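Consider the two complexes below, in which chain A is the common component and chain B and chain C are the respective partners.
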Partner chain A sequence: METLRLEATQYTPEIVLDPAGVIAFSGKSYPENTFDFYQPVMDWLEQYFSSELPERTVVNMEIIYFNSSSSKLFFDMFDLMEEASAEHALEVNWIYDPENESAREAGEDFIEDFDSLTLNLVEKG
Partner chain B sequence: MSKSPDDKLIEELEGLRERFNRTTDRIVKDIGRQKKIMERSDKRQRQEYDELQRRFDEIERLNKEIEETQREVVFTMGAIGESRSKETGNHVRRVAEYSKLFALYYGLAEEEAELLKQASPMHDIGKVAIPDSILNKPGRLDEHEREVMNTHAQLGYEMLAYSTRPLLKLAATVAYEHHEKWDGSGYPRGLKGKDIHIGGRITALADVFDALGSERCYKNAWDDARIFELFREEKGKHFDPDLIDIFFQHIDEFLEIRDRLKDDL
Partner chain C sequence: MDIQAIEKILDADGIVFLTYGGFITQSLIAGMTDALERESEKKDLNQGLANNIFVIFIELSQNMMNYSKSREVEGDTFDPKGLIMVGKGENDAYYVLSQNILNDSDKNKILPKLEEIGQLDNDGLKKRYRELRKTGRDSHGQGAGIGFYEIAKRCESISYEFIPIGEGKYYFQFKAIVK
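Coming up: the complex of A and B.
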């Protein structure tokens, strides 16, 4: 598998999907067509989780702001991850700026929704 | 041992039921999520929008603060220049208003006219560097004193010219050129006609109009008839003829400003 790397734009986050086990989203997410935008990301993740995995996977999510469609996509992603984490060491770091209350709350909500997914709230220093 | 057709059918149906249940679970889950997603998204949007609104308000407040501070600094600087020659604060306000009115009727855009309104009160700022003995001398100045006095235009320009701000740049030009005359007989550079910046031409007329109507240490206030006569005489000599025309066409408005901002006695 190859690394998928997307540069950040005004409306989309920087995305790095590295088959060595590091997955990172950073920035804002309110693309014009959210599902089209995330399609290659979902494809990559599905392929990643169905191939031979490294020892562990770390997911760093640092999303400042996202729209409702992105929220749906994150749910779908976390579904995939939660399912994979049954037999694989995987953890998600939800990284937020202490000044960004809504980003922190979003992380708290995801924790509530995914019982068996390791989701850490990480405040940026 | 091969399965009977019934067993096969049962197996197939059970498979279907399992897939149906999975799909149903998934749909139920999605419906539940959809509501959450919308509610949370609405909440985030509200928070973001509130935050933006707060910042916009703050920016607007700061903008007003900057504009008001600028206006006050400008009038204060103007008043400093004028106070050296015993002018009143209202003199600079009147000159400011006359200048804007001239600018608008001359055809300048609202923003340019407003900029001139703010710049023109600073035209005499160079007088801070003129000795009191000359500035407040009763009676006529001798030749040397006149020369010193006349340096205030150049001095004012030098004080303001360092700035790259449009307002102070215009103020520098106005300070430099407000004693130039249409026929080229003014100072410091003897510029002629439209080589004199419109801000300089306007401020010259606005300042003289107000000064003649006010009492000064070396003269009494002129009555209107005498001022108008001088304007007609100096049309195309001291003053831009177009501006003199504007003055007489809209004289009521100029007199209204004079009346509204008259000096407290």
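Coming up: the complex of A and C.
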């Protein structure tokens, strides 16, 4: 599999999907058509989880703010990851700025929704 | 044309940002959000509060954009008379206000959601939001259908009105107060 890399725009985050097991999202997320925009990402992830995996996968999510359809999309993505993590070491770091209360709350909500997904709240130092 | 008169109104009502008329596009929304970000940095707004304002602004303006787009698909020539503003009200509260023209079918989609939101307390709202978000992969249309719940979660209070203007059309006025 090849690395998928998308540059950040004013309304989409920088995305790096590396088959060596490092997945990262960083920036803002409010695309015009959220589900179209993230389709290649979801396709990549599905293919990744069904191929030979590295020892572990680390997902770094640092999203400053996002619209409601991105919220839904991230939910679907975590759902996919939770499924994969039943047989694979995977953890998600939800990274936020200490001053960004709403980003922390969003992370807490996701933790409550995904019992068996390792989701760490990480305050940026 | 008296631009200063407009300026006076903006100053008197503490309006920090206003856009009116025409079509709203994604690049316009991104540009306006960027301007709002600069404004909030200048005013040294708390980041959590600022993000709530941005997200509410984005939800409302993307809603308007999507209504206009769906009208275009139907081949309607239609002026949505979109208006959106952000202002500073009393006690350091901010408000985001929007107005646009909707038809009956839009109203019938939105009103039940707004009525439900009105009956929920904070915990109930949070619970409902997460319930709705959980609708399963690939079960979504243009948006996730949770935009107004997102807005309500991020603000103190919302108020709205559908003002009939004939031919099954309404002015939809919406206000969110953020603290």
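FYI, the second predicted complex is superposed on the first by the 125 of 125 C-alpha atoms of A that agree within 3 Å, B and C clash if a C-alpha of one lies under 4 Å from a C-alpha of the other, contacts with A are read in each partner's own complex, and residues count from 1 in each chain.
Following the convention adopted for this analysis, contacts are C-beta pairs under 8 Å (C-beta built on N, C-alpha and C of every residue); 3 or more make two chains touch, one makes a residue touch a chain.
If you're wondering where the values come from, they're calculated on a predicted model, not measured in any experiment.
Superposition note: with chain A as the common reference, chain B and chain C are in steric clash.
When the shared chain is aligned, chain B and chain C each come close enough to touch A:D109.
Of the two partner chains, neither chain B nor chain C is touched by A:L117. Of the two partner chains, neither chain B nor chain C is touched by A:I95.
In the superposed pair of complexes, A:L45 makes contact with neither chain B nor chain C. In the superposed model, A:S71 makes contact with both chain B and chain C. Counted by residues of chain A touched, the larger count belongs to C, out of chain B and chain C. In the superposition on chain A, A:A84 contacts neither chain B nor chain C. Taken together, the two structures place residues 65-68, 71-72, 75, 101-102, 109, 113 of chain A in contact with chain B in one case and with chain C in the other. Contact residues of chain A toward chain B in the complex are 65-68, 71-72, 75, 101-102, 105-106, 109, 113. Interface residues of chain C facing chain A in the complex, by the touch rule stated above, are 26, 29-31, 33-34, 46-48, 51-52, 54-55, 58-59, 62, 65, 126, 130, 133-135, 137-138, 140, 142-144, 146-147, 149-150, 154. Chain B meets chain A in the complex at residues 33-34, 36-38, 40-41, 43-44, 47-48.
Of all the residues in chain A, the ones that touch chain C in their complex are 9-11, 30-35, 64-69, 71-73, 75-76, 79-80, 97, 99-103, 109, 112-113.
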